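These are the structures in question, set out in turn.
The same chain A turns up in both complexes below, where it pairs with chain B and then with chain C.
This part shows the complex of A and B:
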C-alpha cells in the first residue's frame, strides 16, 4: 500500500524504507542466533550440568547436618507477578542426612518458630530449589536463615550473611535504596 | 468506493501482509511444522526412546514395578516424575536426579523397566519449541518479548486468510475444479498453487491464526496480572498431617499403584498417564491424564501417606471460558490425538510454509514485471510524456 502513497514524490523516509525493508528479515533472524548461546547455557544450568547454580555458596553446617547451597542465577531478584521479587536458590543435602531430613527452609531474618521457617525446598535431596521472596526494604546486612527439620521432629538452624549468599541481591537492594 | 476499487484495496492488503518480514514468517512456519513432529524426530534418531516389547504378549509394568526395576538397576537414582507419552511406541519419560545433582530425563522401557538411556543433552524437542514459540528470547520478567514477536503474527495471518478469501472470488468453486497449471510458466503455477493450497487449508490457517492470537492475548493477560483461572491453589499439607517417626527415618508412603487405584475409584474416567511424586515431605502426589475430551488433562492431588484425595481438577471443574482457552494450545500444536493428528498438522504446516513462499514468489514476479513495465513506461514517458500509475499492473493478479 505504501506504493500508492509513494507515487508522486517519494519522501526520504519512504526511499529508505523501500531500500532497506527486506533487511528487517536479517535483523529478525539474528535475534535467535544471538540468544542461542544463552539458551544452551541456561539449558545446561537447569539440567545441572554446570553444577548446582551459577553462584556456589558452599557447604553450610546446620546442626549435625549440612547442605550445599547455590544461587541458581548470579543476578538480581526477579519480579514474579503478585509475589513481588524472588530469588531462586538450589541446595543439595549431605549424604548422611538424606534419610534424616524431612524438610529444609529458607528465610531472610531469623524465624520465630518452625511454622514461620520460610519457603520450603522442593525437589530431591540431590538437587532441590526454593524461591525466596526478597522484600525491597530488606537491609543490606540481613541474614539468610536455613532451617532443617528432621523426621524425628528435631530442628536445626544456621545463618549466613545475605551478602555472602547473594552479592547480586545486595547490589540490587542498594540500588533500590538509592531510589527516592 | 466502487466494488472494483474495493477489491483492489483488499488485494493490496492481502499482498502486503507478510511483507516485508516474509522470511521471518516463513521460518516461524517451518520451525512450527518441525515442532509438531519433534518428538517423533527424536524417536527416529534415538533408538533408546523406543518402547519395544520383549515378546508379543508382553504386558506393560505397573508404575510401582517400574520404580522397583529402576531402583534395582540404579539404587542411587531418585525419581521425581514419570510420564507415559500418548503413543505406545514411545518409552516412558522418567525425570530423575543423580547424586551429582544432575536433573535429567531417562527413557524407560514400559514392559521391562530397563533404563534404556538418558535423553540427549541437546533437547531437539525443547529447542524447536523454544525457537518457534519465543524465538529463543529468554523469559526474565513475565513473558519473553520473543513470545510477543511470534504470537503477534497470528493477526496478519488471520487477516491474510480473510482478505485472501475476499479477493479470491467464488473460491468454493476451487474445491470442485482444482486447477494447477504446470505448463504456463512459474508465475501461473505458483498462483494456482497458492490458491489451491489456500482453500484446502482454510480450516488450518483459521486454527493456527486464532490460537496464535490467543497466545498473544494470554501473554498480555499474564503480564498485566489478569487471571481467568478458576483453579484453586492447593495448600501444602498441614504439619500434623505428616507422620513423625521416632526413629528418624522417613514416614512410609502408600504404593503408587494403590494411590492410582484410590484416585480411579473416586474419580471415574481419570487416566494415569503422568505421575508427579511429592516434591517434599509436605507436598502431594499428582496423578493425571486425558479425560474423554482429548484436549485437556484431569488431575488428582493425593496425600501420599494415607491416600486421601486432597483436590482434583476435572473437566467438570472448568468454566466455559477455560474450556476454550485451555483447548488452544493442543489445537495449535496438534498434540491431542496421537501420531495421525500430528502428521495432519505437519502436512498442513508444510503447506502453510509453502504458501508463504509461493505468495512471495508471486509478489516478486509481479513486482519484477511491474518494475519492468514501469521502466518501459518511463522511457516512453520521456518521449510521449504519458504516465500511468504503476498500481494497475501490480493488481493484475486480482483478475486472474
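This part shows the complex of A and C:
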C-alpha cells in the first residue's frame, strides 16, 4: 500500500511574499535614491562648494582687517544639550590678513574683555567655523560682536545687528516671546 | 572574509552610522547656584558629557579685577563666598571656550 501525504497548503502570506519579494527588493533599492538630492546638497554645503553658508552676510570690516561671514544654515539655533541653543557661523579671512590674524571670536553683545570675547573660530582661514551659543533671553536688537586678535597683540572689534546676521534667529527669538 | 564575521561587520556598520553625530564639537557649559545667602556653587562641564576637573573658574568684578581666582575640584565643582562687589563668573577652558555667568543670572537658594 502506498502512503501519500499531501503537501501542506501554503499560507496566503507566504504566497504574497513569494510573488512580490522581487519587486519589494527593487523598491528597497529605490527608496535611498529619493534622499540623494538632499544628501548631495548637504554635502556640497559642508564641503563649501555652494559658498561659505546658506546665508552670506557679506564682508565685514574689523579695524584694518576684514572677514566674510555667513550662517552655515538659514535656520533657527539648534539645541545642543545643556549648552542651550547654538548657531553655526562660517567665516573667511581677507587674503591680506591671513598671516596677521591669530584668532577670531564671535559673541552676542559687547565682550567684557579679550578673555571673554566669545567662541573662537577654528579651521582653515579660508573657511573657519564657530558654534555661537544664543541665550533664549537675547533681545531682538542685540548685536553680534566680532573680535580679532593679531599675532602682534593688536585687537580690533566690530559689531553688526543680529537681525542682519541671522534673521532666522530673530524670528526664533520673537517666537520664544522674549524670555526674561 | 569568513561568513562568521559578516553579522559582526553589519552590526559595526550600523553602530558607526548611529554614533557618527557624536563627533560634533563639545561646547563648554557652566551652571552656578547660590547654596545659601553667602555661598555660590558652580559646576562646569562640556556638552559631550565630559567633566571639567582642574579647569579655571574665576570670579571677576565688573571693573575686570579678578576677585577670586579658582579651579574646579575633582568633582568639577567650586564653592566660593559671594563677593561684596558686583561680579561675573568666568568658566575658562581655553581661548574661545569660555562661559560667562553674570551675578544676575545666578539662581537664589
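One rule holds in what follows: the second predicted complex is superposed on the first by the 142 of 180 C-alpha atoms of A that agree within 3 Å, B and C clash if a C-alpha of one lies under 4 Å from a C-alpha of the other, contacts with A are read in each partner's own complex, and residues count from 1 in each chain.
Criterion: contacts are C-beta pairs under 8 Å (C-beta built on N, C-alpha and C of every residue); 3 or more make two chains touch, one makes a residue touch a chain.
Remember, predicted model here, so these are calculated numbers, not experimental data.
Touch criterion not met for A:174: it reaches neither chain B nor chain C. When the two complexes are superposed, the chain touching more residues of chain A, out of chain B and chain C, is B.
Of the two partner chains placed around the shared chain by superposition, chain B and chain C are both touched by A:103. Of the two partner chains placed by superposition, A:41 touches none, neither chain B nor chain C.
Of the two partner chains placed by the overlay, only chain C lies in contact with A:83; chain B stays clear of it. Looking at the shared chain after the overlay, A:151 reaches chain B, while chain C stays out of its contact range.
Contacts of A:61 after superposition: neither chain B nor chain C is touched.
Residue contacts after overlaying the shared chain place A:119 against chain C, while chain B stays out of touching range. In the superposed model, A:92 makes contact with chain B only, not with chain C. Once both structures are placed on chain A, chain A residues 81-82, 103, 115, 120-122 are touched by chain B and, in the other complex, by chain C. Interface residues of chain A facing chain C in the complex, by the touch rule stated above, are 80-84, 86, 103, 105, 112-113, 115-122, 130-131, 133. By the touch criterion given at the top, residues 12-13, 16, 19-24, 27, 78, 80, 97-104, 121, 123, 126-127, 130-131, 135-138, 140-142, 146, 149, 222, 225, 236, 239, 242, 244-251, 279-283, 389-391, 394 of chain B touch chain A in their complex. Contact residues on chain A toward chain B in their complex (touch as defined above): 1-4, 7, 21-22, 24-25, 28-29, 31-32, 35-36, 38-39, 42-44, 46-49, 51-52, 78-79, 81-82, 92, 95, 99-100, 102-103, 114-115, 120-128, 150-154.
Within the complex formed with chain A, the residues of chain C that make contact are 24-25, 27-29, 31, 45, 47, 49, 60, 64, 88, 90, 92, 95-98, 100.
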